[in-house]
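Same chain, two partners: subunit A is paired with subunit B first, then with subunit C.
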Partner chain A sequence: MTSKLATAAAVLLLTAGTAAAAPRFAGTYTMTDTEICQALGTKAVPTNKGMIGQGMGVMVASGANLTFTGTVQSAPMFDAGGNPFERSSFSETQTYRVTGTANPYTITLTKPNGRSATFRVRFDEVNAAGVAGYATLTGSFSNGTAAANCVTQMVFVSH
Partner chain B sequence: MLLRSSALLAALLALPAVASAAPPRLVGTYTMSGPELCQYLIGSNTGRGQVDLRMLEAVFAAGTVKISGASVGGSLFATAPDVGTRTKSGTIPYRITGTANPYTMTLGTAPDTRSYRLHLSQVDGSGIAHHAQTLETDTNSAGKTVCTRALTLHRH
Partner chain C sequence: MKTPFVIAAALLSASVVEATAVETATVEPPAIEATAPRLAGRYTGLLEMICQAKIAGTAVASSGDLEQALVTFTFTGSNFTIVGANHWGPLATKTKFITQERIDAASTLTISGTRNPYTVTMMGTTVLAHLDRIGTDGIARRATFLMLSSNGELPGKNCSQTITLTHD
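Up next, the complex of A and B:
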C-alpha cells in the first residue's frame, strides 16, 4: 500500500515537473520598440494618417510588475509637413502574465486603467532560475479603430 | 588639522565618484542593426516615406568607429518598385558624453556632427558595454524631423 502511494506521488511529481513554468522577467532590461500604424480611409477622405514611431528605455521587472521608462518619438506616417516627429518621455507600471508551455508564449500586459493587451513573446537566454536574458515581443493592437491597425515589436535585453 | 582631514576625506570620497562617472566604453566589433522610418510628406518632393533596414558592422577603436555593411529599403509609396540595397563604408570620429543612460554619442567632426541618444548596458568589469541602443531623428532640407532611426549594437 505504501509502495502504491509512493508511486502515485512520484507520478504526480513527475507530471508537475513536466508542466514547466513559463520564463519570467526579473531585474533591469534595455528596451526598444518599433510601432507602425496603418493609414486608413481614402486619399480624398482619410480617417487617419497612420503613425510611425520608435522608443528606447529601460524596463524594470519586480514580481508581476513591469515599470517602463524612456523616450518615444513618433509622427503621422502621412503628413503635409506640419507634424514632424515629436519626442516625449514615458513612465508607467503595468502588470504582466505569461501563459503557454513553449516559445512563443502569450503575454498579457495590463495598464493601470485596467485595459489589457495580449502579444506573442519569445523568451531566450533563460537562466536556471527561469529568468529571461533576452525577449522579443510582437503583436498587433488598435489605436482607436474597431480592428487592429497597428503592429509593434519590442526587444528586451537584460543588463 | 580637522580641516585638513576633512579636506582629505572629501577628496578621497570624491575620487571614486569621479571615476565611476566616466561613461562605459564601446570597444571592438559590434553588429549594428535597426530600422529607419520616414514620413511621407503629402504634396512635397522632400519625403517619400523611406523605409530602411540596416545590417552593419561597427569597429570601435581609439576615438574612431569604422562602419561597413549595407541597408535594404525603399519608398513607402512609389510609381515603380524601388527597393534596393545600399552599401555603406567609412571611418568617423566619435565620442560618448554624459553620466548616466541615456548618454550622448557624437559622430563626426565639428561643425559636421550628428548626435545620438545612447543607452549602454551589459557593462563588464573593464567598463566595456556589450550592448547598446541608439535613438535619433533626422531632418529634411526644410529642417523638419521627418525620420526616426534606431540602431542596436551587440558586441561579438
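Up next, the complex of A and C:
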C-alpha cells in the first residue's frame, strides 16, 4: 500500500510539474499579424504619420529558435497619396523564452543582435508533449519613433 | 512608407530602418502539395481592414477606414457567400463614429498554385493565401488571406485587409 501511495504521490508530483511547465513551439505554424503604430503629433497634422502593417507567413520552431518568413504589407496611416501600401518579404531567426505557469504566459524574443522584447502569449491546443497547436501573442513595441508607440497582435496555427 | 516593414524586427522593438537589415535564414519550406487544397462548407471568417486617411494640406481630412467583421463564409464549388455584419468608420473623423452594417455578398473564388502561399482570386481581387490543416478530403480547415485594395480615396492600394477562416 505504501508503495502504491508513493507511486500515486509521484504521479501527482509529475502531473503538477507538467502542468507548471510552460508550453513550447515545435514544427511549422502559419502566422498572421497586425501592427498599428500611433501617429504622434500635437496638431491636426501628425508629425509622425503612424503606420499600419499586416503580414502573413510561416514560423518554423526548432528548439529555442523561431524562424519567421513571409510577406508583409505596410503604409503610413495618414498620407497625401504618394505612399500606398507596399509588400515586402521578411525572413529572420530569433530565439524565444517562455515564462509563467498559466495562460497568459510571458514570451521574450531575442534578435541575433541581442535586442529583445517581451510580449504576452496565450497557448492553446497544447499536446501531451507540451507543444502548442495554437497561440495568440499581443503586446506593444516601439518602431523607433517613441517608446512603445505600436501595438501588435499575432496568431500562430500549427500545420 | 517606403521603408519595408519587417514583422520580426518590429517584434523586437527595432527601428524601421534597422528592419531593412533582413537576415537570410535557411527555412524549411512547407510541404509541397500536388494540387491546391480547396475550401468547402461553412467557415467562420474574421476580417480586419484599415485604409489610409488622406492628409489634405495641413489638416487631416475625415477619411480613411477602420473595419472589423465576424461573418460566415459558405463555399460550394467555386461559389461562396458571405453573411454577417461589420463595424466600421473613418480612420480620422470629427463627426462619424463606428457603425454596424451588413456586408452580405456572393461571389466566386479560384485557388491556384502548388504550395503556400497560394494565389486566390475573389471579388475581382488577387489575394495571397495560406491554406492549412488540410484533411484527406483535400479541404483546408484553416485559411488566411492577405490582400490589398483601394477604396478610391487615395491612388493605389491604400487599404490592407486580412481574413482568417476557420471551418465550423
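The rule we apply is simple: the second predicted complex is superposed on the first by the 135 of 159 C-alpha atoms of A that agree within 3 Å, B and C clash if a C-alpha of one lies under 4 Å from a C-alpha of the other, contacts with A are read in each partner's own complex, and residues count from 1 in each chain.
The definition used in the following text is that contacts are C-beta pairs under 8 Å (C-beta built on N, C-alpha and C of every residue); 3 or more make two chains touch, one makes a residue touch a chain.
Predicted model, so just to flag it, every value in this text is computed and none were measured.
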Specify the outcome, clash or fit, for subunit B and subunit C once both structures are aligned onto subunit A. clash
Regarding the shared-chain residue A:94, is it in contact with subunit B (first), subunit C (second), both, or neither? second
Could you figure out whether subunit B or subunit C reaches more residues of subunit A? C
For A:110, select first, second, both or neither according to whether it touches subunit B, subunit C, the two together, or no partner. second
Taking the contacts subunit A makes with subunit B in one complex and with subunit C in the other, which residues are shared? 28, 30, 32, 34, 36, 52-58, 71, 73-81, 84-85, 87, 155, 157, 159
Subunit A contact footprint on subunit B (complex, rising order): 35, 37-44, 46, 49, 76, 101-102, 117, 119, 121-123, 131, 133-135, 137, 142, 144-150, 152
Sort out for me which residues of subunit A touch subunit B in the complex. 28, 30, 32, 34, 36, 52-58, 71, 73-81, 84-85, 87, 155, 157-159
Where on subunit C does subunit A make contact in their complex? 1-2, 4-18, 22-28, 30-31, 48, 50, 52-56, 58-60, 64, 91-92, 116-117, 128, 130, 132-133, 142, 144, 146, 148, 154-162, 164
Listed in rising order, the residues of subunit A that touch subunit C in the complex are 28, 30-36, 44-46, 49, 51-58, 60, 67-81, 83-94, 109-112, 115-117, 119, 141-144, 150, 152, 154-155, 157, 159
